[in-house]
Amino acid sequence: MSYPMPAKELGIALIGTGFMGKCHAMAWRNVAAVFGGVHPRLEILNDVTEEAAQNYARQFGFARATARWEDAINDPKVDVVSITAPNGMHRPMAEAALRAGKHVWLEKPMALTLDDARAMAALAAQHPDQKTILGYNYLRSPAFQSARKMVTDGVIGKPVAFRGVYDEDYSADPLLPWSWRMTHEGGGLGALGDLGCHLVSQMIALMGPVTEVVAQTQIVVSTRNSPEGPKPVENEDSALALLRFASGAQGSFATSRVARGRKCRLQWEVHGTDGTLVFDQENMNELWLHRHGEAGFTRHLTGPDQPDFAAFCPAPGHNFGFNEQKVVEARDLLRAIAGGAACGPDFIQGLEIEKIIHAMATSHGSVVHIER
Amino acid sequence: MSYPMPAKELGIALIGTGFMGKCHAMAWRNVAAVFGGVHPRLEILNDVTEEAAQNYARQFGFARATARWEDAINDPKVDVVSITAPNGMHRPMAEAALRAGKHVWLEKPMALTLDDARAMAALAAQHPDQKTILGYNYLRSPAFQSARKMVTDGVIGKPVAFRGVYDEDYSADPLLPWSWRMTHEGGGLGALGDLGCHLVSQMIALMGPVTEVVAQTQIVVSTRNSPEGPKPVENEDSALALLRFASGAQGSFATSRVARGRKCRLQWEVHGTDGTLVFDQENMNELWLHRHGEAGFTRHLTGPDQPDFAAFCPAPGHNFGFNEQKVVEARDLLRAIAGGAACGPDFIQGLEIEKIIHAMATSHGSVVHIER
Amino acid sequence: MSYPMPAKELGIALIGTGFMGKCHAMAWRNVAAVFGGVHPRLEILNDVTEEAAQNYARQFGFARATARWEDAINDPKVDVVSITAPNGMHRPMAEAALRAGKHVWLEKPMALTLDDARAMAALAAQHPDQKTILGYNYLRSPAFQSARKMVTDGVIGKPVAFRGVYDEDYSADPLLPWSWRMTHEGGGLGALGDLGCHLVSQMIALMGPVTEVVAQTQIVVSTRNSPEGPKPVENEDSALALLRFASGAQGSFATSRVARGRKCRLQWEVHGTDGTLVFDQENMNELWLHRHGEAGFTRHLTGPDQPDFAAFCPAPGHNFGFNEQKVVEARDLLRAIAGGAACGPDFIQGLEIEKIIHAMATSHGSVVHIER
Amino acid sequence: MSYPMPAKELGIALIGTGFMGKCHAMAWRNVAAVFGGVHPRLEILNDVTEEAAQNYARQFGFARATARWEDAINDPKVDVVSITAPNGMHRPMAEAALRAGKHVWLEKPMALTLDDARAMAALAAQHPDQKTILGYNYLRSPAFQSARKMVTDGVIGKPVAFRGVYDEDYSADPLLPWSWRMTHEGGGLGALGDLGCHLVSQMIALMGPVTEVVAQTQIVVSTRNSPEGPKPVENEDSALALLRFASGAQGSFATSRVARGRKCRLQWEVHGTDGTLVFDQENMNELWLHRHGEAGFTRHLTGPDQPDFAAFCPAPGHNFGFNEQKVVEARDLLRAIAGGAACGPDFIQGLEIEKIIHAMATSHGSVVHIER
């Protein structure tokens, strides 16, 4: 491999065992088999009850279990903490891990509030030898890495426009009951925090920094039933935005959690002076490129000519999977720990994403300037 | 047929013989063969020189030719005037035709300026017995008509969001020379006037009136060569907008004439509370529908179950063509003249489209309220 | 235009007013408007009753009407006869027209039986100054013409394999009543005669002559209801075949009239030593090309760079329609009459298609050699 | 989970470390994390040199390494042998493993010759308590499992036709040098053995047993360069076939290793009396279903409603990957060992696949009856 990997065994703590918890576990189990290096030691797993913790530790192959997350973080045999707990726990857990001298792999969104994100970024800046990485897994697919490289290499000329959406429909059903996730205090932002931040992570990777945002949000299902009766939904079901980039390019942005029939439509296009790139995560193994002089758009199927695919499979057209993105993410963190290329987005870069989604959430149709 | 068609022969004058002139000619020649009714009489054709006028009159099958457009309009044997001349001539020609007592089929955009459009709408209002129709041909395809009917019939529930783009790349080449079409005085708006107005016509047909617009525009190629040296491009290469509709729905909007690889990407989606509709004019015979409870999106190929297709072809999947949209447009005008359903957009409805694109052109990131 | 068109007005007779009859009428009305040349004179129309003939003559713009097809054919003012009557009438009508000295535009399939087709080809050979053309309209689309040219020009190297299907579902419903079209005597072949012959027409245009066929057929719905009770379906619902071409290439072939959900799936691919071409008539404005060294398949949207499109529309991506194929077909016949490039397939070339589909119908799993 | 998994730890030997060797390793590492049960013990790895064996044992996490495959197979701590060595070694290795009392996971194709396959199936029949499974991984994707279930459940009525291809282009380049893999003795069959057998595995899973085959093969690049000069390619570059199934259905079949631009086009459709199913492995997370009464084909994106997906990811539209198919395959073997549902295809079922591909290879245009 062309990058360093840790020469010593690293001890891993995993907090959370849901969608992302299992995904981290699979990644930790396979990262060295795929990319080489020393296999990490799956040291301790935390879930909310002792029984769940022990069951999942057994299933995921962790040596020990605990129902106290502080114990997982402070365990002396732990070097890296994977945090996949609910958003409201991100700040306390990540800060505890940083203070305990650990590297941190934290799921997105970074935090409930912009103040939280600022505090976390500031703390990370005080611990430069500990690496942080946020779970923006869609940055890791071979197709996206290839797209980003094409833009950087000038394959489509100078980027002049971005058009992006991230739509799902998990909240479209009006009979879906009310949850604390739909409140500012419990869930933070809505579609922007859950989906929009992923799109922002790709957008700035492709287009560079954002300088201005104008946005409007919408709550489509304004009250939902709870055992105590109807309660208001506080955070946005969808958001729309226009953007200006530092480069002079412009862009449009949309995200929705109530878009019927959309399951993982993280779809964008970059218009360059010499060509256009188009991507849709629902078909994450296809990248569409048009260059000046060609007849139309060409389908680039994921294959070993794209970054990181060959480590998984030598054969083009043999699809890369969602979970494998997370193996690349684990590798990125390990590589950074070993002194290689910085992983990203870390907490400091992640703050830039938070500024943008919070600007969208509070624009109400007026221009918001994004501070750098 | 289920609608009235003119019982008497109508005399037609055609002004212009380019892209749209030929398209009108083909439509006039076939409208009665397709839909029944009395065949219109192709009376007189106008082009800029006598020779061109005579040649095209022969090719298109018009009885007479003239190099003076006023003569075509004022000809006593003419009942309907097809105006396909450059945008700057739309107002004088349309006003002359209305004053001469003629029905008018006018290509879009309606006029160079919003003031022109207001004057034309006001004059049309004074001539209620003369029918006007604007060349928003994309409204006429069976797929679009079907989509509009689905939205109206509540197939996707209440529409809550619109996402639309109309992108082409005819101005993407920076070596394309400067033209008067790129000036405010000669060409009026840029991408908004040429492409965006089509998208607005579909958007309001699907979503109803717009109340607010926030937009920004972009000139990607700011100067172009002319025989006298470089000259500035004055009107926009692209525009992005956010919208609020009177219904409470929200929307995003984009148009570009510099989008490499896009040839007729008039693409939109309507998000409803119970489903989603998706369309792309580059595949104008496909409409994609997802409804609550279904597995995903279903492809609706154009067929005789969609409005107006059966008059052209009894067999589904046998593609409807761009030019055939114009045959439906001719039929819509004839039907209105015969006292049937109003054709649309007429000059009065067309003014609404003009207000929106001019609001986009002048928003510069601030909210513009659209007067009704 | 770069080809001759008739300098004198030709009188047209049209026999039949159904799907294809209307399609011929629209084509005759517009062919000169699109391609130049002298407009044909729509002389006389034949339908089975006087009333129908008169009504359709009025709608389609023919000067006279008759319920006797012989009168239409023998009319001294008629130069060209369009035959769109049921298949069983093809031979008598076409022979009568040839004997009356007329040019013939005949819908496919050429005839009910191979013997009929041989007789018709022989008679046409005796009338070399009268042009014949068969209604293989799918050969006329810009995308197909472009594909054929690419193959001929060696864009994909030497063609080594063909894979083709033509599937529809118009007979899939088992409740569809029995019809004489499902008998050998009344309808001739089944899916092969109705659909398969179109695929053969494209296949030999792309791949050259066929030397061997192995095929099997299938009747999926073996009896259907009639007012007199259940009756057997005699001709095939579907057929499958393997082919060898004179060039050494090989191929597979399939056609079905009972393929649920398929509406006009005339889909094929040509594998060459240097590339691959893929087409599907349901998206007739897309051609997909891969060439050695490129990343994947590139979408070629129909545009003025493809043959004959520019005469209809100067703008790429503005879809060509099914009916417009027929305008090109009319032009091909007129051009041949005017002494230009031979139109094809004429009756002699059409016989080659008939030999292949009849070989498929009678192979029953054994190799059939195709005589030249 | 709804099926038994081994209660005791099983020792694994892995033979081979290439494309499939790594794939087996990743699967063994994650199968229990994904599906539960006791984690297998990665006991010993075999590669052709000691150094390679030790390096890969370290990377894949196996406890020991050996350059002698017999030692891996006969190791007393080994319960299951993963065989991913070249095809010519399949028979001796698999027989040795069966004789040593081990369960066997063998990559496809089963063997070089039909005689070899018969012998292996016979031996497996003598060891009914040892489970065998062949690496037909494409049977394991959620989309394929869902398709198979739909067919079995009658969602598309009675299946009447199959159309399938499996095309890649790895041998398309004529400059690719000669290899022993292109000989009968060294490589066995060509495209049929490498690709076609996968398509057969899916075909019989969907359609049931095959009774008759007619086929033809083709060698497109007949000689290739070697250090000793040009040498002949002996096995087929492509094959085409027609099929009859015991059910009365019919089918067509094609496979090629020289199809330019195709990377993993394992594409098929099943025509049923009430609907049609369409699949393409290059988009392995999409299944297209049309049912009688619906407008067209509906896209079914892989999600937790399809078999086995939820164990990997709870979110629909979050793509399943090629390698994850192999995790399901490992689970299938473990489940069978634990006394659950038989995995398939085992060696006895695999022989059926071999009979069909060898019949295709030797048909030369004549009907071959497949014995049961």
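Should a chain be cited, it is by its letter among A, B, C and D, assigned in written order, with residues numbered from 1 in that chain.
Just so we're on the same page, a residue touches a chain if its C-beta (ideal position, glycine included) is under 8 Å from a C-beta of that chain, and two chains touch if they have at least 3 such contacts.
Just so it is clear, the model here is predicted, and its values are computed rather than measured.
Trainee: Going by the stated contact rule, which chains contact chain A and chain B alike?
Mentor: Per touch definition, common to chain A and chain B: C, D.
Trainee: Could you please state the distance in Å, as a whole number, between where the Cα atoms of chain B are centred and where those of chain D are centred?
Mentor: Here chain B and chain D have centroids separated by 54 Å.
Trainee: Roughly how many whole angstrom separate the Cα centroids of chain A and chain D?
Mentor: 34
Trainee: Once you find the CA centre of chain C and the CA centre of chain D, what distance in Å lies between them?
Mentor: The mean C-alpha positions of chain C and chain D differ by 42 Å.
Trainee: Two or more other chains touching the same residue: where does that happen in chain C?
Mentor: In chain C, residues 262, 294, 296-297, 301 touch at least two other chains, as defined above.
Trainee: Assign the assembly's chain-to-chain touch graph to one of these shapes: line, ring, star, complete, other.
Mentor: Shape of the chain contacts: complete, all pairs touching.
Trainee: Considering only the defined contacts, which chain D positions touch chain B in the complex?
Mentor: 289, 294-301, 305
Trainee: Under the stated contact criterion, what part of chain B meets chain A in this complex?
Mentor: 156, 160-161, 163, 165, 172-174, 212, 214-216, 218, 220, 238, 240-242, 244, 250-252, 254, 256, 258-263, 271-276, 290-292, 294, 296-297, 365-367
Trainee: Tell me, which parts of chain C touch chain B in their complex?
Mentor: Residue positions touching the partner: 18-19, 22-23, 25-26, 29-30, 32-34, 36, 39, 59-61, 168, 262-265, 281-286, 301, 303, 312-324.
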